[in-house]
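First the structure, which I've put down as structure tokens, then a few questions once you've had a look.
The letters A, B, C and D name the chains in turn, as written, and every chain counts its residues from 1.
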Amino acid sequence: MKLRMGMIGGGEGSLIGPVHRMAARLDGLTELVSGAFSSDPDVSVATGIKEGLHSSRIYDTWQEMITRESQLPENTRPHFLAIVTPNHLHYGPARMALEAGFHVLCDKPLCISVAEAIDLYKTVERTGRLFCLTHNYTGYPMVKRAREMVLGGELGNIRKIVVEYFQGWLSSPVETTGNRQASWRADPKKAGIAGTMADIGTHAFNLAEYVSGLEVAALSADLHSIGPGRVLDDDGNVFLLFDKGVCGTLLASQVAIGEENNLSVRIYGDKGGIAWRQMEPNSLTVMWPDRPVQIYRAGTSFYDAGLTGPMHTRIPAGHPEGFIEAFANLYRNFGMHIIALNEGRSHDIMADYPGIYEGVRGMKFLEAVVASGLNGSARTAI
Amino acid sequence: MKLRMGMIGGGEGSLIGPVHRMAARLDGLTELVSGAFSSDPDVSVATGIKEGLHSSRIYDTWQEMITRESQLPENTRPHFLAIVTPNHLHYGPARMALEAGFHVLCDKPLCISVAEAIDLYKTVERTGRLFCLTHNYTGYPMVKRAREMVLGGELGNIRKIVVEYFQGWLSSPVETTGNRQASWRADPKKAGIAGTMADIGTHAFNLAEYVSGLEVAALSADLHSIGPGRVLDDDGNVFLLFDKGVCGTLLASQVAIGEENNLSVRIYGDKGGIAWRQMEPNSLTVMWPDRPVQIYRAGTSFYDAGLTGPMHTRIPAGHPEGFIEAFANLYRNFGMHIIALNEGRSHDIMADYPGIYEGVRGMKFLEAVVASGLNGSARTAI
Amino acid sequence: MKLRMGMIGGGEGSLIGPVHRMAARLDGLTELVSGAFSSDPDVSVATGIKEGLHSSRIYDTWQEMITRESQLPENTRPHFLAIVTPNHLHYGPARMALEAGFHVLCDKPLCISVAEAIDLYKTVERTGRLFCLTHNYTGYPMVKRAREMVLGGELGNIRKIVVEYFQGWLSSPVETTGNRQASWRADPKKAGIAGTMADIGTHAFNLAEYVSGLEVAALSADLHSIGPGRVLDDDGNVFLLFDKGVCGTLLASQVAIGEENNLSVRIYGDKGGIAWRQMEPNSLTVMWPDRPVQIYRAGTSFYDAGLTGPMHTRIPAGHPEGFIEAFANLYRNFGMHIIALNEGRSHDIMADYPGIYEGVRGMKFLEAVVASGLNGSARTAI
Amino acid sequence: MKLRMGMIGGGEGSLIGPVHRMAARLDGLTELVSGAFSSDPDVSVATGIKEGLHSSRIYDTWQEMITRESQLPENTRPHFLAIVTPNHLHYGPARMALEAGFHVLCDKPLCISVAEAIDLYKTVERTGRLFCLTHNYTGYPMVKRAREMVLGGELGNIRKIVVEYFQGWLSSPVETTGNRQASWRADPKKAGIAGTMADIGTHAFNLAEYVSGLEVAALSADLHSIGPGRVLDDDGNVFLLFDKGVCGTLLASQVAIGEENNLSVRIYGDKGGIAWRQMEPNSLTVMWPDRPVQIYRAGTSFYDAGLTGPMHTRIPAGHPEGFIEAFANLYRNFGMHIIALNEGRSHDIMADYPGIYEGVRGMKFLEAVVASGLNGSARTAI
């Protein structure tokens, strides 16, 4: 069966809209059927037509879209809506879509406050609808392999977690020169209480919690607004205290000039350590005190069938899969969950994806980071 | 507009069939509408149904498919057929499809003899149909950037070309233990006169000619059948003599145990040199005698609009694109050519893709390699 | 001329003693002539004999050595003494040696308190003797090249400094199982107020200040004692605030299991950024927002003669130089300074080496780190 | 005990002379006592004085030096002579030194013909003197580890050997612009019958035979003189046929512009494969078909005491050792052999070094390569 998807946001000029559409298409599981792609109706129509949609399924506003699409017959209306708007426009559409009976896939961060997040969490619980939050980096096979090694105890007791996410694209004040991605991210009304920490810090935070299976209990943050005239943080560093006394650090910057999309995670236990880096995502380095370093590679055939890694690759090792494929893994796992739900089957827990809980965690992280940053890096519970 | 594609071969259990379908889907330009996916009708039907095809568009044989599909009305019948069968089943379907008026996209190597290749070449010329041969490695943006640097003279006069393609998957006799990919490749009736040289040597050969803009004039080959009981070569090394006296080497092996898909090309001129490696495809290393090494990266925003590189990436630098995206670049460029032809426009020459000429070149390479190998590595014109 | 060196500490079983001796020998400039190699006279004698010393120049105690060696005729007595003892035995020998008229080369950290450090600083000033502190990582040619790029303004205004030093050798409680290096480092009486921060944190701190040309004004520290029963820190993370409001981080750990000697520094300005990593020391990565990444390589011939880099390499690029060669650069630069002083010439400022000032900085860093760590990561001036 | 060394060649302006002297000094085992450093007596004297030699031990000619030094009392005269002259000046001094009772350490290639090589071989046998040929790349600990893995059967039956040695420094005609290293290497009177193949091809050949434990039985060569006006080869490629039918390739070039000193070896068996690259010499990559890639690292503490690797490192893993240290391993192993011989002990076979046999092999390789190159790449026995 094919899943039908409607999309809110992601019109022409959007960066992430096309990524969502490619991710949805890649595995042939999902078909775009409707959209309110922009607050500008002309842009919405242009995008929808380019995507081959019938004009009756292209809307001027997301409110109209949710209302009308929810009234379509079951074999026509979307199985889920994808929300790919700026941060301040996640909560409203998500809540309305859930109430209207749609499953929801939403870009990160979940929203702009813990209060909104908890409300969405309760709405998901109450409606029984499925929710996917696109912390897409968890879709990489080697990230899943890393998590599996940690949870399986291969590294022993975890002691230290180091995540880092460096970009350089905000080194110059691109938000003042017409860069759409930059301008809304630099605007507290659209981005929320945080800049870089919301945009990429939450990815790093999610990755740390996902791979380690641990949760951050408290943190101390040191936030900076380095770009001239910038209100929100564009650089920040955080001491992390996880459950069980495990310590860690999270460094994030969008003014690390020349850096592309340098996200990495390292986890050290008392038996071994791992390192993964997004820009070479098909390798996972495993370090031991008493044996040679190992490099696990995505797509090798010798993993057990039960492992999570191999089910998230499409081609053999050495044929690099990348960002879009990892993103598509979220779409596919979410789609398979919808299908399983529709067919009354239980979903394969190996086909996991980040959801509403991770969204609440991210918002709690953000509020704690900002509070600590404003309070002289005071240790702040999360 | 969306292009309609029919597929010959690529049924369940095929490795390359799904790759073609993902590549076709990625950019939303092409839709699969019909297929004869296997010589086993049950497999064909199962694949077609899984792909969501109507049963009337799933065929038992490619002959039947070409015949029937060519009689469909113009707004229904495929714009092109994709041929993803074993080597010995390229010529027949390709020729019949061309004659029936279809554009053709065909897996490599083109066929199993120079004679077949020339016949196909003439058929393409005569019918005026478009032809794409999936030497997919030329679809990587950094390969295109490399070619651009060479042809633009940035490296000076070219002196030396080194290509290498090492895999390890035929290290054990997998062709005797039920591995479908291995068994037909090891069978001269299906693979043709060469094994590894046909399967991956032609890719390396094509890459060398593509990036350098030069053609091989003569060669000396040293072929080996290392796996027990193997008839065709599974390892081979070739001295290359290009036009203008440029020398080079081509090394290919499928018994380089532990290697995944290690294709690389290095080109040295009298001003500078370049190195590209498929397993880390988003980087292009440029070496100079008088300046620091440079690493060009796919997806950076500072290339001129006129360069070929940027139009072949989908997301910014640091978000790795891989094998499927490069493969999709061929599909997209070929598709854009079909559309331009249909609309009476000229095709953007930047949106290039390998075609029937490259197919003839590959077959000439193969016949020369085999002849030289059988003749004590004697220098053999190509 | 050859320089004569006496050595205090570094007897058999020492890790760093042999490194000092290799570094001294490499360039043929310095000859070991005397030593008090251990608090155990038998070890001292055994080491001295193995090193080919005359028995009259091997001493039971450093006090005796300094007294007697200072009374030798000028053409016999050492030009300088190298102090390679545990931390608590730096101050005493260094002070006595300076007072006795010797130049001093001392292992890091300088001593165990700021008070001691300042006293040594004043002693150096008063005696006019030269002092070298072996922050050996500044001896790498690519570190010098990095500093040169930063100070020359190539990166623009500096914004962010990231240093990191991860080792794993204290992951298990090796200090309880006879490992000499570990046991004194874990003992506050010998190591001082800090463990990992003293042992490797000061290296990272020195590297950050050296390459950036900036000084840390304040910091917030988060220290951990992760190994069971450990009193001193074996892991720590620090927010750094440099002059001119430049921010940074310093991460150091000796329980990052599997890590070897993973020291790195990254510096980001508003024009470009650099990254250097000790485990591949002959490369310096330079990142730009508007041009390809550059890799500077040690030993290339195309740098200007005036640059600091080339004078610190011995062989052409591609012939890797390593840890010992970088260490030897300190010995050689210090030795050349002694010779220049003796000959009444001014010393080439390109042939720089860390000295007593850097030693004071390191102790101030350590006291601030420990104070902040004990005070809930409170921002602490340095 | 300290060994005394005399040196022939290696005067000021020499590249390799200083390397030999650093390698000899590093471990404190060997002392330079005499020399005839140049055919220009002034240069010889200047070099000797700079090295701190007494003027009576500095000679105008190597003949005079060997004659006079051999008459010195046993506690004064050198234990061995190091010959670091251009190729055509290896045979004469080596033979005379052996006859005079000296052990000999000689730079590569051994000489300029197989006839000379065999004569030297017989002279070594007859005189019972020790002989070391500085194929220094075999001194790297990870090369020794590679050999150990191959000979220990860890890779299974060897199938394929790939060596490559690319440099770029002869890309421009530096031999015509005063570059001393280039000018003698380009001159058949001084370099012998081959250029690049003699200079670096023999290193690659030696590395292949050393690591594999196999010998080349026959070869086919394709030689090129690419630089304008160059008489000898500056680029060449060779098909290798080893004992037991193992195949391989050797590629060498000094016009691979931008390449520094890119020597690598890869060996594939039927169980596993290895790859080592000189420019990152402290890592050895081991590839398996059924397990993750392994990276062995020099200086790790967990190898068995019996393995060859650890005895050839000086500092722990992560503190990079390089070219000079590997070179010094030859000096030290050769020195230890001399000492063992003098003391009537047997030499530790783990402390191996290349000798006269390897010199003969290299000359046979060169003559076969040149013969095949002149004969249309005809297969030529070696």
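Quick note on the criterion: contacts are C-beta pairs under 8 Å (C-beta built on N, C-alpha and C of every residue); 3 or more make two chains touch, one makes a residue touch a chain.
What you see is a predicted model; the values in this text were computed from it and never measured.
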- Message: I need the common contact partners of subunit A and subunit D, sorted by label.
- Response: B, C
- So which pair out of B-C, A-C or C-D basically repeats A-D, with more than half the contacts the same? B-C
- Maximum centroid distance from subunit B, chain identifier (CA atoms): C
- Per the C-alpha means, the centres of subunit B and subunit D lie apart by a whole-Å value of 43
- State, to the nearest whole Å, the distance from the C-alpha centre of subunit B to the C-alpha centre of subunit C. 55
- At what distance in angstrom does the C-alpha mean of subunit B lie from that of subunit A? 35
- Message: By the touch rule stated above, which residues of subunit C touch at least two different other chains?
- Response: 169, 259, 286, 289, 293, 297, 300
- Message: If we count contacts the way the header does, which residues on subunit C are in touch with subunit D in the complex?
- Response: 2, 15, 18-19, 21-22, 25-28, 51-52, 167, 169, 259-262, 278-281, 297, 299-300, 314-325
- Item | Residue ranges of subunit B in contact with subunit C within the complex | 286, 289-297, 300, 302
- Note on the structure: Within their complex, subunit A touches subunit C through residues 155, 159-160, 162, 168, 171-172, 220, 222, 224, 226, 235, 237, 239, 247, 249, 251, 253, 255-259, 266, 268-273, 286-289, 293, 376-379
